[in-house]
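Two complexes are shown next, each including subunit A; its partner changes from subunit B in the first to subunit C in the second.
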Partner chain A sequence: MNVEINGPKILGYLFGNTNLPITETMRNSWIIMAFILFLCIFLTHRMQKIPKGKQALAEKAVLMIDGLVESTMGEGCQAFSPYIMTLMMSSLFGSLASLFWMRSTTADLNTTLGWAIITFVLITFNKIKYGGIKGYLKGFLEPIFVMAPLNVLSEIATPVSMSFRHFGNMAGGLVITTLIMGALKVLSNAVLGFLPDNIALLQIGLPGVLSLYFDCFTACMQAFIFSMLTMAYVGDARNS
Partner chain B sequence: MTEALYEAFVSIGWWEILVTMCNTLITFLIIKKFLYKPVRKMLAARTEEVESMYSTAEKAQSEAEQMRSEYTERLSKAKEEAAEIVGSATRRAAERSDEILRESSQQASAMVKKAERVIEQERIKAHKELKDEVADLSVMIASKIVERDVKPEDHERFIEDFIDKVG
Partner chain C sequence: MDPKAFVAGMSALGAGMAMIAGLGPGIGEGYAAGQACSAIGRQPEAQGDITRTMILGIAMAESTGIYALVIALILLFANPFVGQF
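Now for the complex of A and B:
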């Protein structure tokens, strides 16, 4: 039998233009955005002075991200808190979407690369804002001018490494899970051949345990790592 | 049924990246407007309330402190006043008793003097009467002895001298 591992499905084309495909990733991310919108409205609905249940959750989340931003980037960076929250939620829910029969949005390089490019723009913008355009350009010649190509490379490597790290982790999990599902189907057919062809009994169990690591754990880890790296890089750009 | 189309497993498309960025921007706005704005507002309101509660409590405490000091002052003043009243009453009573004592002693001494005077007068009177009686008696005795009429006028001086010598 064949095991196919594909990129996101193309669901259609915007204006019939083949250059503007509507992919599975986009649809899933829109579902996730709707979910986030619903979650935000639900959590902050009918807020009271004395927090209760869901409101406490919302406040805790905001204060937690605020604390993370402050401890990583320094004082007075609270304006970045909503963006970090956006990254965290989009990444986490995008990865966990695989638990709900959807393809993870983060298992598409375009998604993580998009976030990484936003972070890269923020880094560059803050470097220029706090160091001046001269300081920014001078930063490439340190410690000596010979290092300039390497500095440019490392600057570009930041978004590339960030996006590929996240994408690789999620896509790797997808690949391994798909392969194991295929292998278990083959094994099941060989051992329990008397069952109908489309019932693979051995597919129950092991993939669930693996999914705990590849979906749940990695999703949380990568969301955290991506946000932390963004905070660290941007905070570094502000303080240098 | 047409066969499903797939993108490459690892692909980079600027359109897809652009869509991702737009999605992220929209998500950012959603989170800012629907999560951060109400939560921040609520936290600020709570901070304000706590601060106002603290300031109210502080005010009440300072007021209580002020009242306490006022009462203490009033109490000490009242005590002072009471002490003054008691002191003045005592003083007046002492003065009055002194006065009474003085008056009574004066009266007593006046009475004693009067009595002494009366006694003296009585004594002088008695003395005089006695003297007269003795004189009469002596004249009588002498006339008896001499058997002649002794004129009291003649011997007045002599008898007087005698009586003075005797008594």
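Now for the complex of A and C:
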């Protein structure tokens, strides 16, 4: 049996410098960014006073995110909804890319860790902005000063756990589907041995059902969870 | 014995044992979902809020299991010990 599970392939090097590889993840991210940009321009092209068709869809999506941000983070946080929408859409399309013969961008820790670090900077910035630098440093000494190392650790654990959760879910799905595809090929060669080697009839059906869970459901779920957690953490930093 | 084979075998065993951590999140998530069901039964009009909070809580509980999964994946596909022999 020959199952290959690899990280993203390196396609080339930027400026011929071996320290700057262009990976599959980067290429797919660029494709997805171009797609989202195209979608934005297409949906808001020739807007009218009374929305209909594609414009109604765009307005519905924007209103939905605005409502979600307001109900989770409280009044006056509308400025965050573009960031939340960006996170949600890049996560969703990045994960769903696996339906179109591309390696999903979120099955790479670099992508999710990048997003989590942006969120971490946002959390820290809001904590300092609303509590003052003194209040921020004092927060580490709660409830007593002995807890300071643990508080620092829990602060660092936020971006790590956020990125690992998203990456682990997508990469776990990738590994499980690949292993099952390999196993089904072996089974099909053993049971239906009279067929040529590269035809695996048993690979029809079951992987589709698994893909429905591991690609579609998990992708939507993780996009929602990642943006919900971002909203919860940033809202908490503003209100504390 | 070939030390590489020994390390590879032990790593596979370790990956399997790391995934025992899947027990905890399973129990915790099941408990959370059960409690959410009974809460919805008591207060059906708050279904949206309850579901959202439950999903967030489940995601938090899941992270311990995900850590174990990441450790297992590292041991299987990016093993740091095999290269030392």
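Keep in mind that, in the parts below, the second predicted complex is superposed on the first by the 240 of 240 C-alpha atoms of A that agree within 3 Å, B and C clash if a C-alpha of one lies under 4 Å from a C-alpha of the other, contacts with A are read in each partner's own complex, and residues count from 1 in each chain.
Keep in mind that, in the parts below, contacts are C-beta pairs under 8 Å (C-beta built on N, C-alpha and C of every residue); 3 or more make two chains touch, one makes a residue touch a chain.
The structure presented is a predicted model; accordingly, all values stated were derived computationally and were not measured.
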### Message
For A:62, using the defined touch cut-off, is the partner it touches subunit B, subunit C, both, or neither? Pick first, second, both or neither.
### Response
first
### Query
After lining up the shared chain so the two structures overlap, which partner does A:5 touch, if you call subunit B first and subunit C second: first, second, both or neither?
both
### Query
In the superposed arrangement, does A:161 touch subunit B (first), subunit C (second), both or neither?
second
### Message
Touch test for A:221: subunit B only (first), subunit C only (second), both, or neither?
### Response
second
### Query
Is A:232 in contact with subunit B, with subunit C, with both, or with neither (first, second, both, neither)?
second
### Task
Would you sort A:171 into first (subunit B), second (subunit C), both or neither based on which partner it touches?
both
### Query
Counting residues of subunit A in contact, which comes out ahead: subunit B or subunit C?
B
### Message
Based on the A-chain superposition described above, do subunit B and subunit C contact any of the same residues on subunit A, and if so which?
### Response
5-7, 167, 171
## Note on the structure
So, in the complex, the side of subunit B touching subunit A is made of residues 4-13, 15-21, 23-24, 26-28, 30-32, 34-36, 38-40, 42-43, 45-46, 49
### Query
Which residues of subunit C touch subunit A in the complex?
52, 55-56, 59, 62-63, 66-67, 69-70, 73, 77-78
### Task
Using the touch rule from the top, collect the residues of subunit A that touch subunit C in their complex.
5-7, 161, 164-165, 167-169, 171-172, 175, 221, 224-225, 228-229, 232
### Query
Within the complex, which stretch of subunit A touches subunit B?
5-10, 19-21, 23, 25-26, 29-30, 33, 36-37, 40-41, 43-44, 47, 49, 51, 55, 58-59, 61-63, 81-83, 85-87, 89-90, 108-111, 113-115, 117-118, 167, 171
